[in-house]
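Note that the chains take the letters A, B, C and D in the order they are written out, and that residue 1 is the start of every chain.
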């Protein structure tokens, strides 16, 4: 575990400020994510965590601040361009393609890997067909990995919540991202499901070497799986360090243990 | 300069009055969409049906006369009709009954379905109503006269040299009365507050003990009333016939512009569309061949939408993940 | 797929397998539904009642009864095609589609199938050129004749000259409505009036800007090629801006009671071109009353008897009956084929004496169809509406069109069609 | 008993992604195709051709096209009539401008022209969504019809704006004009429908189709996965308009032979095709065809039964028929909101598991 810390910074956000109209969602937040680590972002509701992820994958454009990815400063980019750079994510409220099967959802996750043109697609010959089967192999690996073989052909709208979360993880994994963003991957799960999910995240991190940044409320889980933690409250960065350092940080404890803000 | 053109003001006023007529139709759409999220394709046919029923009562037509003639009954009229006011009340009664039937037969089994499904159901409804209306009252043109003043207003003509139809002025007054009373109804009555609650959140409304069915019934009844008014106004102009149901097409750009959920939006949208299309047709139309009103109304609405995708008064769409 | 085959099988069973009967089969492509139903209903009733009367009174034509097959088109071309195909196999003698769109669609098709079309005052005007359009007939007059006669009437009102005057055409923005434009343009060159074109889109419930345009341009006359609800609205709008109604002249499809009644008293004095005399004081009407209506067999709801469009339907049916008779005479056979029917139509000649025999004394113009001229004489009269008595009455005699102008236009359009479709005239 | 997979599971991805996963389905389909191709042409009469098959095939192509846009990509469009008009007028200009051009090429080029127009009118979809977009597409509907009514070049300066299809051929066999053989137009349109259904199938099983469905189901998530919404939406508009343009060209040139924009391509067309795909099943190829059959053939069926068999007056028959169709639509929606094709699927599922329901 210790050796990871010497790795490169895969992502660095510097002094990000994001406002909606008059409301400031994020104010001057900076932190970094190292290659190969599991980085957790924690904080109370409305702290700006999800907004932070939205900034990282380009859905929100901050008024101020810089985002560095792979050692390069990122200009104004659309979310789909950022996907091509190798950032994938899951969502707090599941954002699966409800009308599609599990398989199709995960296949869609490989969109950035598929390049055959319209003509080839129309005639389903040559590149289109070959590419489809190659990518299918990769997807099958993800399916095996997440143990969701039996629901391969099921429409995801009909799956129970826990499985949907897993399919969503699969969709993000299928992209083979360099950086995987998980927005509350364990929200609404029971203990057993949380254990499963934690195991998947750790496996992803260890087997594929994927860098993971996740938002999570359950401090127990965060303690178990995160290498480093950044704490946000009211749009500000109020703590950054290893899980151990964080629990002993007074500001963090206040924010969490209900020192009233009113 | 065009504003020195004496016709500019007349076209402006004509446009405003036409806009009120469009808004009358659009209002029916808005009421139903706001309370139940249904895009009611049958609104135009509802207006036709209401007007047909009114004329039927007024002139004492025998319903389904043509169908009965198959069995050798050749009468078409009872011999006497009802006075206008009674006919109006009876027609309203029919619309309320119709609303109840629609809710019970069509909407109740489709609760919680997606918007497009409900939209489709109203298409089926439009077919049924069109058939029933024609079968009941016949497909010929019927004169509709409920005693509203007609012809150019002499006072305005003398004072300004403008021809403003009294019928349209009455339509504007009726529309204003309708909107004001609808607003008062939704602000100050228990039922009105319930309606707004449903519009905001179905679950919440249900949890405070308001039956969704009742709400829908009321909304469809009110919308039937609006359809009756629109049918009367348009029917007085052109006679009551199938084409009356096509006025719905005139209301769609108004809806786009005003937002599907806003009553003031329907009015303001109607005015903008009315004035816009009339000015364009009057000044630009002759240069490009005329008959531009149909598409221009949509283009105008489209232009607005490109800047405000949710319509002029629609609730702002906030995208979040 | 299952549903499709099922429907298709049933469709075929009832649609096309009915054997051709020995009767004279005449399909009636009507529209009793849809936006133009108010115009379609009286027309269809008129045709039906007249044919039923002929069957009841004379036992048909030449001893062979007429089998009228009604088929609802809703003024829709696609359904017109279905009607055509489903009745064709039953030995249909002639088609009168009652719609410009369906007529255009059927012209090449029916010609290839050797079945004549009679588009009575509608359809393709240049079909009056019988040399090119061998199977299409549009007597007693075409839209271009109508335009010319209307202009003539305007000239009469102005004491013989339209020089420096302004004439507006308010028209249904479709192929039908655009028909008279070229003729009116040609005539404006000849007579020196200025032509103002004011299209109105279907359905035409909102015409405020059109009529403001009229107020602004102050035309001396307005003529109208309207259809359906557009007529009613135009007439009320014209009355609302106090346009003198006797200077507002419609084509024969803007000339029914339906068009003027909704406007009430304001429509008094409105004029339109007519193919026949209004009213019911004719022998044929008395026969219909006696043999059909009193017998309880009136078509439709029976409430259209005596209206302008009902009479026009009767007239249309009368032409057909007379054409069958002519065909029987030419070919010396009681049973005739569609090809013979075509010959009958092409040789149709009805003078006033014959009209009187048929029970249409002084009802309409004489008919004289030749191989070259399928447009008949091209005569029309002007009728005027009296709002107080709610009746139409003719105010002029049947007069002819400006043949120089109209014929040249027909010639030009027909030869263009002939060139496009490699038709060499069949008359010479 | 026979209706199930042989053993379970596929040994290759190829067979897993095949169009027909069940053997019986495959046999049924190709059997039907063989009958349609080799047997029906010998028996097809003009009535069947002009009133049943051609409208069914042509509307199926249009419905497939709209289904790509609305069913797969989620963009509700009411511009179908206008786009059909573009196809029809493009084919008319090609037929009269280049008389020797093969009809197949005419149809394809007409499709391409429509695709371009479709992309242009698809641009607002980048900002406008849902019913607002549906109403916005009406702008294209009304504008295009107005344009073809006014633009004299488009109808070769004929005095009325009516266009007529001259006689043209496909590989030497006449498929347009008044004296075509029923089997020729039947096979021509059947072939095109087959090709377009196959193209649809290919597109929707690949990544382009998935990008459309992703936009339909959750556009924001799709964008974050890497789908460029501009390209996804506009490609759907292009492909959809291509299909609809082809349908419009066939509608005018092969089926009707004459057209006038204000009547043939009016707003009713747009609504009818939309009804087809909703009733048949959004996002389903078979559903598009079932919907086309429902809207096009059911009225003919009713008409023939009510007027032909029962002898009811035409207008009463017509009213009864629309009441019945309306009631049927409502009934189907209550029973199966996802279109008739969902019925079919349920039936298949039951067959597969029979005799054990669970």
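Heads up, the rule we're going with is that contacts are C-beta pairs under 8 Å (C-beta built on N, C-alpha and C of every residue); 3 or more make two chains touch, one makes a residue touch a chain.
Not measured: the values here are computed from a predicted model.
Common neighbours of chain A and chain B, listed by label, are D. The chain pair C-D and the chain pair B-C differ in C-beta contact count, and the higher one is C-D.
For chain D, the chain whose average C-alpha position is most distant is A.
The chain closest to the protein's centre is D, with centres computed as averages of CA atoms. The geometric centre of chain A is 73 Å away from that of chain C, both derived from CA atoms.
Once the centre of each chain is set as its mean CA position, chain B and chain C turn out to be 35 Å apart.
Mean C-alpha positions place chain A and chain D at a centre distance of 41 Å. Those residues of chain C in touch with two or more other chains are numbered 32-33, 37, 41, 173, 201, 300. Shared interface positions of chain A, i.e. residues touching 2 or more other chains, are given as 59, 91, 95.
Listed for chain B are residues 66, 134, 139, 289, 291, 294, 321, each touching two or more other chains.
Looking at the complex, you find that chain D touches chain B at residues 76, 124, 127-132, 135-136, 138-139, 142-143, 145-146, 149-150, 220-221, 224, 267, 271, 275, 278-279, 282, 312-313, 315-316, 319-330, 333-334, 337.
Considering their complex, residues 57, 59, 78-80, 82-84, 88-89, 91, 95-100, 104, 107-112, 114, 116, 118, 121-124, 128, 131-133, 136-137, 140, 171, 175 of chain A touch chain D. The part of chain B that touches chain D in the complex is made up of residues 39, 66-67, 70, 105-106, 109-110, 113-117, 119-121, 123-132, 134-135, 139, 249, 252-253, 255-256, 260, 288-289, 291-292, 294-295, 298-299, 301-302, 305-306, 309-311, 317, 319, 321. Residues 7, 10-11, 14-15, 17-18, 21, 65-66, 69, 72, 74, 76, 134, 138-141, 143-145, 150-152, 163, 165, 234, 237-239, 241-244, 246-247, 250, 277-278, 281-282, 285-286, 289-291, 293-294 of chain B are the ones touching chain C in the complex.
Taken together, the chain C residues at the contact with chain D in this complex read 1, 3-4, 7-8, 10-16, 18, 30, 32-33, 37, 41, 70-72, 74-78, 81-82, 84-86, 88-89, 100-101, 104-105, 107-109, 111-112, 124-126, 173-176, 178-179, 181-182, 201-202, 300, 409, 413, 416-417, 420-421.
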